[in-house]
Amino acid sequence: MLRVEDLHVDRGRTKVLQGINLSVEPGEIATLIGANGAGKTTTLMTLSGLLPIAGGRAEFRAERGPLDIGATSPVGLVRAGIIHCPEGRQIFGRLSIEENLQLGAYLSNDRDRIAQAVADIYEWFPILGERRALKAGNLSGGEQMMLAIGRALVAEPKLLLLDEPSLGLAPQITEEIFDALGKLNREKGVTMLIVEQNAMLALELADRAFVIENGRIVLTGTGKELLDDPAVFEAYLGVG
Amino acid sequence: MKRLALTPIQAFFLLVAAMGVLVLAVEASGNGYFQTFTALMLVNVMLAVSLTMTNGFTGMFSLGHPAFMTMGAYVAVLFTYPVGRKGFAMPALPEVIAQIHLPLPVAALVGGLFAALMGWLIGRLVVHLQTHYLAVATLGLIIVVQTFALNLDGFTRGGRGLTGIPREATLALIGVSTVLVIVLCWRIKHASLGRAMLAVRENEMAARCFGIDAFRLKITAFVLGAGIAGFCGALLPHVVSVMSPKSFGLILAFNLIAIIVVGGQGSILGAVIAAVFISLGSESLRMVEESTGVYGVTQVIVAVALISFLLVRPKGLFGLKEPFIRTS
Amino acid sequence: MSDYLIQQIVNGLSLGSLYALVAIGFSLIYGVIRLVNFAHGDLLMIGAFMTFGLVASDMVPWAAIPLLVLAGGFAAGGLIERVAFRSISGAPMITGFIVTLSASIAIQNLALIFLGSQPRNFNFPEVFRMRLPIGGADVALIDIVIPAVTLLCALGLTTFIRRTRVGIAIRAVAENPFAAQLMGISIGRLVFLVFGLGGALAALAGLFWSGKYGQINPLMGFLPGLKAFLATIIGGVGSLPGAIAGGYILGFSEIAFVGFLPPEYSGYRDAFVFGLLILILLVRPQGLFGEAEQERA
């Protein structure tokens, strides 16, 4: 589904990514873990077309054949099914919940389908349905995260990129969110690439995991393998 | 800039020498056109240097220079207009002032002080405004001042304008003033006051965390700029002998902004160089305009050139730097 | 009610509508890209000259002229975006400022070159110069048409922004352009649309302006443009209802200043308008209807 080879990306003069290799297969949950500043967010922003590629290649296998991410506009990537749920949720606080969800399907012209997709989200997250006319800025952090995920799902993602879904949430809420993500993956078959600082949670959920350090992938394996790896345990799981 | 790096003292003497040569040469030429052009160019230099201090040092965006120039000009003319004709041209003038005649340097200082005082009163209200509000408020100030100049016709002769203002602004006076203004702004920039202003420009919040009183600094920059603008405004009618409410308006505000943007906002030498070149450029374009009869071309070219310039060098020629001179 | 009062109310409504039409565009553009478009007022001048040209050419039916002016204003607004703004998107705010200021100066002087500096007089056809007796006052028809059309435009635009998908997208970009991009919204196209819509309304204001005052010149857009921006600030920049309300507040205050004070003060009306602005900004820096917000770099 997604294949990234020797990806280099610069931000200003800083060479942030220095040869990333990773791949995600259809139906899996993959996770990218690593410390602050390792290049996690940069990777996701590159995959959704927001940053130019300086070297290497990123390819998305869509239904209509392979798509070169570096040569496709952000709009084109959304259309192809790469949906990015950004760090810090970034919901539209001054818009209503309903409007936020509708924007998720901005590129679709099929009104019935949009209505159905929005109704589905309300079923998944009933609390959003109860408050659909409310301005999204009034929601709590966890509810905003649900809305951000819901907004991404309305777009019918082939590949869902999630940036730090646990950021700023209480541990219990984080667990609820991760439960929901697992359920979405099992029941709807949504392929996901999750970037997380909370490595334990992410590894428990993931089929496949990548550890990023200073812009390079230093370790790859299944979520379970990495969980059991003492080096990973030491570096990212710690005693916390 | 390794090859040519003067100490500030050397640069000062070079500036004085260059100014002396320029003033003497132009005076000696006896050519009225050259003399007027040089005077206008030097006033542009002063205006640009003071605006690069007000805006460039602190990051404000004031368009108000023409307003303060108008104030300074009318106030100075009250004291320099021929006493015998004041009764006719300025009937509302109190008898006390009508009898006074001051030499231009004093009158121009009075005009500058008046503008500075008004700058202080107005600055207290507007300097805390966000960038675009400040721009519009100062643009509005130009209109307000023009409106007053137009309506206080007992002092200004309104829209008919004042003519026959004595041409007392000698090149020597303007040359000395220019050197003084450049030195003043230079000293401010490289003293702790200027460094604090630059800190406010880079990050006002952080500067305030270091105990820098951003409001006071902005006021200081605004008042100094207003004062110098008022002084320059006071000189100009004594170069061209006429003054009307619309003498200094939007176009002038824009051209000054163009100069400091090209020079690099906050660069004093950049402002000087850009002022000289833009004055030369627009003067030659103006001659083309007059010979072809197509008026407006100069402004179109200046505007388009400025947009193109911003695309290529958004920070101007020198940014904040002072070329050719060692500053630390 | 005395007929003098009625007359003043009609004048205020009519002038306020003109400010509101221009202010809407300012507010839309500022709301979406945080840019004060100094060239916006010049679109009023362009609209006025388009009207003048169309009337003088005598080739199009009357009813078509407003539509052509709207379309022309849309094109002119979009052109400003493409030529002046698109090239510097992403640059600091001050750069954007200087570029639109340059664009304004360039437009004014191009108009001076090609249209001449002499003011031109022209009259709308007889129908539009009709006067109606209302409550004893003798009111010009155009002073009724202007507020009516403005109201329609304001309602239409508000509905568009509130209800349609593109309208929601415009609000989304205004709030968070980064996230809006992730939704697949093409910001460039929306910005073009917003400049175009603002341009169309400003050009319509130009049509009305020329019909109401009967005289046009290449620099006519500057002062109404500046005042419309004041109206925007008074209402709270970025708020559409605020811009409309600000336009009427400004229009009525100006008319009241001129109409109810002794005539020797009327020369100061522009000074009064800017004084009013400073006063309002001191009391409510975010405008009357605006939400307080942090300045973006």
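The letters A, B and C name the chains in turn, as written, and every chain counts its residues from 1.
Please note the rule applied: contacts are C-beta pairs under 8 Å (C-beta built on N, C-alpha and C of every residue); 3 or more make two chains touch, one makes a residue touch a chain.
What you are looking at is a predicted structure, and each value in this text was computed from that prediction instead of being measured.
Distances between chain centres, each the mean of the C-alpha atoms, put A farthest from chain C. Comparing the chain pairs A-C and B-C, the larger number of C-beta pairs in contact belongs to B-C. Nearest to the common centre of all protein CA atoms is the CA centroid of chain C.
One simple way to say how far apart two chains are is to compare their mean CA positions; for chain A and chain B this gives 55 Å. Look at where the CA atoms of chain A average out and do the same for chain C: the two points lie 43 Å apart. If each chain is reduced to the centroid of its CA atoms, chain B and chain C end up 32 Å from each other. Looking at chain A, no residue sits in touch with two or more other chains.
Note for the complex: chain C touches chain A at residues 165, 168-169, 171-172, 175-176, 178-186. Within the complex formed with chain C, the residues of chain A that make contact are 48, 50, 74-75, 78-79, 83-86, 90-95, 99, 102-104, 106-107, 151, 155. Within the complex, the chain B residues that touch chain C are 61, 125-126, 129-133, 135-137, 139-141, 143-144, 147-148, 150-151, 250-251, 254, 257-258, 261, 265, 294-297, 299-300, 302-304, 306-307, 310-311, 314. Considering their complex, residues 30, 36, 84, 87-88, 91-95, 97-99, 101-103, 105-106, 108-110, 112-113, 117, 222-223, 226, 229-230, 233, 267-271, 273-275, 277-278, 281-282, 285, 295 of chain C touch chain B.
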